[in-house]
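Each of the two complexes below includes chain A, the first together with chain B, the second together with chain C.
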Partner chain A sequence: MKTALLPDGLTRTLAGQVLAFAVALSLGAVIILLIDENPVTVFMTLMRGAFGDAEKIAGTLLQTTPILICGIAACIGLRGGMFNVGIEGQLFLGGFAAAWVGFAFALPPVLHVVVAIACAILAGAAWVAIPAFFRVRYGTNEVVSTILANYIAILLTSYFTIFLFKRPGGWSETPPILATAYLPELFSFSRLNVGLLIGLFLAIATAVFFRWASTGYGVTMVGSAPKFAEYGGINVRKVGFGVLLASGAVGGLAGGVETLGVHHRFMEGFAPGFGFDGLIAALLANGSPIGTIFTALFFGALRAGSLLLEVDTTASREIITVIQALIILAVSADLMMRRRGDRTGERRWKF
Partner chain B sequence: MEVLSTIFNVALIVATIRTTAPILLVALGGSFTTKAGIFNIGLEGQMLIAAFFAVLGSIWTGSSLGGLVIGVAAALVFALVFAVLVISFRANEVVVGLALNILAGGMTISLMKAIFGTRGSIVGRGIVGLPKVQIPGARDILGPYAQLISGYTPLIYVAFIAVPLLILIYGRTRLGLYIRVVGEKPEAAEALGISIAKVRYTAALLCGLLAGLAGAHMSLGYITMFTENMSSGRGFMAVAILIFSGGDPWRVLAGCLLFGFADALSLRLQTFGFPSYLVLAVPYTVALTALFALSWKARPKLIRETIETMQRALSVHPAKSETPDTRSNRS
Partner chain C sequence: MTFAVELKGITKRFGAFTANSGIDLAVRQGEIHAIIGENGAGKTTLMNVLFGLLQPDEGTISINGKTMAIDSPAVAINEGLGMVHQHFKLVPSLTVADNIFLGMEIRRSGLIDRAAQVERTRALSQKFGLKVDAQERVAGLSVGIEQRIEILKVLARNARTIILDEPTAVLTPQESRDLFETLRSFVDDGMTVIFISHHLEEVMAVSDTITVLRDGRVVATRPKQELTKRELVRLMVGRDVSFDRRPREATQGDAVLEVNDLWARDDRRLAALKSASFSVRAGEIVGIAGVAGNGQTELAEVLSGLREASHGSAKLYGQEITGHTPAEIRARGLAHVPGDRLARGVDRNASLSTNILMGRQRKAPFAKNGIINWSVVQDEMRALIKRFDIRARGPKDVAKSLSGGNIQKVVLAREFTAGGDMLLIDQPSRGVDIGAQEAIHDEIMQQRAEGRAILLISTQLDELKALADRIIVMFEGRIMGTVEGNTMDEDTIGLMMAGVDPSDVKEHE
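Let's turn to the complex of A and B:
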């Protein structure tokens, strides 16, 4: 074992994560037993559904893409000390904005994609701007305001889709976008597209930004020690606002990539839960963009596997949501952490 | 015409009372955790799981009371998990709360598929709804206005009676005092020898109890069915109310009446042919607007209090009476 090479804290963190995973998976197994399924069968079906053949792996990566981009959005927020739970809403508005540009305007091939993506980013950022403003100016809790904004965003996009832009004869969806706005696909046998590369690039860029840029260091300090950052001459409010805006922009991008790359139209409920999955992936990776690549892949595999699960067994695909939630609960408890004796001190969970 | 408008108004008030009750119950539950200094975003999940198990329990036991008990028990289990993780393991409240909400959503759907073999919703199948309480003599005295006070499910009365009850608990009982001290000045509570963990556990479980009642009312009250994610953000609205009310029962009531009214009005607007999606967004928009508006208004007070606290901290002669009891009574 190479544990001696790792710092003591890291060993404990890794051991804690492994233990948390074990606890979560065994609890998940108990719940699977409760619904009259064999945990081993469920697990094997999930694995087969996620990695069975090249097509399945491409399917996993296809599911990973929006989770990864949403995860990066959450990472940016978490690093700046902001819980952007509204990624789901930003995703929906971004998706709708991109689809609207895609079907309403005729533009040359590459430009069309760029404009549509830009609109998606703008829509995401605009949607988070009001909660962000009240958060930094008046201290309004951003968790609740962004959650409530999610519901409004989803209903609003449904309204746009069904009452304003419904495809004639279609089932609650907009007209398809023009072929010029399609994101290029990577393989012939799957809808997997360059969105995945965008996500990977974004993850690396964000990691580099937080690791080496002085602004990135400032953002991390605002998130973990706002007083220190303020004494260091950082405008905490401005940074906080920027962090939420950037997070919302990336959330909008995720929606744009999803409509332009996968569905080629906007449908009601087109991306259920990707925003939340992204947030969970980012939390599981403790706010690290590179770590989010792996956690997003894990959740993408679960999602892809769950499609086969619903076909092959009687279990519902929501069982993976249960497993995800259990993992987060187990990890958040951080079973290996040494706890201080008193009960009044500051809360943990710092980045 | 005048009679018609009167009846319309009475009906709207009745609808408001009906829609207010569940959100009032859950918000009052959250008031305990808010006062005890815990930010409980998991109300939504507790309501949802209670709604599901209430339906399940009423089918199993064949009685609405059995459903109520089992639903509340499920919510208490969730509240206990929340308390163990947040209080004993000191996990982040927001993370645990959100995870429990997600868990509730996934678990109800999985269990529904496993037990009933369906997706979407459970209707019929022997679900027993809560009975309606007819207050004797109300019709004779009040005539058409009788429906204002009579004919609701028992939980609606419980919800509205709970408001003064909570004020009594906070103002007149040892538990209420401890909860407030633990929330406002944990250091002082520790110095007084109050077990912070014990008080917070109690608050979290009381919260689970009321959230469970709210959830049971959702699925066994006026609609006897369970639908996927049927709490649809009511728990989050309750959290919004708790943020701008600070957990004070009267303000919670005022906030809940506002949402109940918005909810009742939006249902009414739907029948007038407004696009249903926009109408459904009304309660959320009201919640969000109220959250923003009140946080903006609360600003000067916040500054004032900060200045007061700083003056007190800086003053050479601290006032003799600044014990936790008097501090918390003042607010």
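Let's turn to the complex of A and C:
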């Protein structure tokens, strides 16, 4: 009976997103002009840097992997109504834990990887357990506590690296891990490894879990209508705790994959911003794990493309950060406008 | 004679759907004109056309005898119309005065003159008898006060004809009475009030003339004196609807729920439920009557496990349920239709199937080994749509796209088929159309006939009179007394609801 007879949904979403990208790219072009570069050249270089040849594509996928896994970690939290901003910290601790297992123990090939990954997962889960406990027991805002936990985690791993496990020599890094703990590489020409497959599998598994599992249904309900879930007999606190723990575990996994697959050691500040990029990728995908595959790929392409940008043009890679920020602004403005058009107007996630 | 508002032949279509069809409406100056009809009858569309929010496809609008096109609310406001919407549009962080003058701020040398705004607000408040504190922030004010602010907003824009869309939906009975007095005083001042409602009692109580809409058409416009409540219902629904006591057979069995000296606190940690004791037997409907906020909500929450009892016991089939989780209590046979339907009863943004799955997401045949079989859920929802006559296109409809009555039917459908034999039903027909209300009552009687024990909490005496075998009256958290449903006398219950002891009531007679 109301006016909402427009065929809303997909068409509107896609049109909005395309428009948002167009606006962001034109603003980016203006900024590129301001630094006396040709926007077309810059964008073409970016594209070439990200997708120019097989090696470049592999490089993009290599950057995509940690963003994707961190994005899945964020999706898990978002679906359960929890905003885990501490993925960055969980990634660092997970990365360190995996490296430690990698260099301190000698284990048979496959087992070594499994144990190292398991320790990374445990480290991520343990790190989020503290804010998670305060959240469900005392109602502390998890956004604040997980952000703060990031600083501690990053500095703690720096301390471990510099003072306890430093490799003899100049760099602030641990000794290299044993070859038995390496994640297998996919191609001979790139460091791209099975981590990408782990990420893709995780995205699909998470999507399936939320769509078809009874437990996944409970988590979704707690996230979208907590009072309804409570009334329906779901233990809201238990689910909230479990969701944060799972989210942290996947964050830890991301660190483990990065250490075992790419760097083969733990370096101080080894993965700057992957946790935050993952969170943003998940938000742009509106909490959908499958959608996160694509948003993560987009961020990965920007990161990889920016490498060639520095070589081939006078633009610095910081310009990529600017374009990224513009895209995020434009896309979230589109999201906000769509939410405002919604009659009931309530936000699905409150933060 | 000139009318304050005259609509002729208004037709408004949305695609293939005709919301208003050839509507004639003439509102005399200085009257309260009620527009009544069920949800979806076209009341709100009509008012949006009048107020310039929608453009009619056909027909003309005259205001004070002047025919004109109202192509925006600004034009309507200019012509002295004012609209108070059903959902208030106030800024919580601003003060009352700031809200009233939002968009038409009083300025002095380019800056907002707050003192003058407060002064004007006080003057308006005094003139129209709408008590507000001009400098208070809106956040934290009761809905009754918020509505006063909305009305003051309209008055500050010099409205002489005020349109109110379902103004009482969110008010307590006391607040509603205050509102009606205010409306009456407006009319005494020569203003005109158009009042949209689907609530019979208040329309009969407050209006001078009543226009009934059904399916987008005017079915009648008559002075109130020429209408009875029964006639009004027939005009609205298009058939006779009975509010009489439902015929019933004595089917009472053993006690299912036994409550003994039960106490509970409200959210402010004050005692809200005080020493309640009663029982409900199989095949019996026990009603709980009382003005909203007298402990009924807390009682329902304690019984369903959503609130802790501070003292006392409640036994379901002889087993203690206080101190147990909602899931455990459900497993023992309680089904619960919550009073706060939109927050508790459904996920508004989810599909009907998703909503119906709650509580059975681990049970066969809906799930096996923790995997949901959505096609079984969809089939079940389709069957429930049919059985409960839910007006929806299908199981994938989003809950919030349904009307209030149909959302309530979804909740009833889920709870009545959940397998529980103790039904706790809180406000089954709040905000529900009369036609749907009748269907809901039929379903509750059916559940009684099947031998279920039913605890029915309602603030509407009519409803309890029609359904309950016994009525327990609550006041300030205490049970004032119990009345047999077939011999109930509304005056006695009314006095008990106001806190008068029943033994005193008898002495008065």
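Heads up, the rule we're going with is that the second predicted complex is superposed on the first by the 326 of 351 C-alpha atoms of A that agree within 3 Å, B and C clash if a C-alpha of one lies under 4 Å from a C-alpha of the other, contacts with A are read in each partner's own complex, and residues count from 1 in each chain.
In the analysis below, a contact is a pair of C-beta atoms (placed from the backbone, for glycine too) under 8 Å apart; a residue touches a chain by one contact, two chains touch by 3 or more.
Every value quoted in this text rests on a predicted model; they were computed, and no experiment measured them.
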Which of chain B and chain C A:Ser224 touches, first, second, both or neither: second
Which of chain B and chain C A:Ile147 touches, first, second, both or neither: first
Touched partner set for A:Ile319, first chain B, second chain C, both or neither: first
Contacts of A:Leu186 with chain B and chain C, given as first, second, both or neither: neither
Partner chain in contact with A:Leu122 - chain B first, chain C second, else both or neither: neither
Which superposed partner A:Thr215 touches (first chain B, second chain C, both, neither): second
Per-residue touch tally on chain A - higher for chain B or for chain C: B
Contacts on chain A seen with chain B and repeated with chain C across the two complexes: 343-344, 348
Interfacial residue positions of chain C with respect to chain A in the complex: 14-15, 17, 19, 39-40, 42, 44-45, 54, 304, 306, 325-327, 330, 336, 338, 340, 343-350, 354, 357-359, 361-362, 367, 370-372, 374, 400
For the chain B and chain A complex, residues of the former touching the latter: 39, 41, 81, 85, 87, 89-96, 98-100, 102-103, 105-107, 109-115, 117, 119, 186-187, 189-190, 196-197, 232-233, 236-237, 239-240, 243, 275, 277-278, 280-281, 284-285, 287-288, 291-292, 295-296, 298-299, 302
Chain A - residues contacting chain C, complex: 1-3, 5, 212-215, 217-218, 221, 224-225, 227-235, 343-344, 348
Complex contact set, residues of chain A against chain B: 31, 34-37, 83, 85, 130, 134, 138-141, 143-145, 147-149, 151-152, 155-156, 158-159, 162-163, 276, 279-280, 283, 314-316, 318-322, 324-326, 328-329, 332-335, 339, 342-344, 347-349
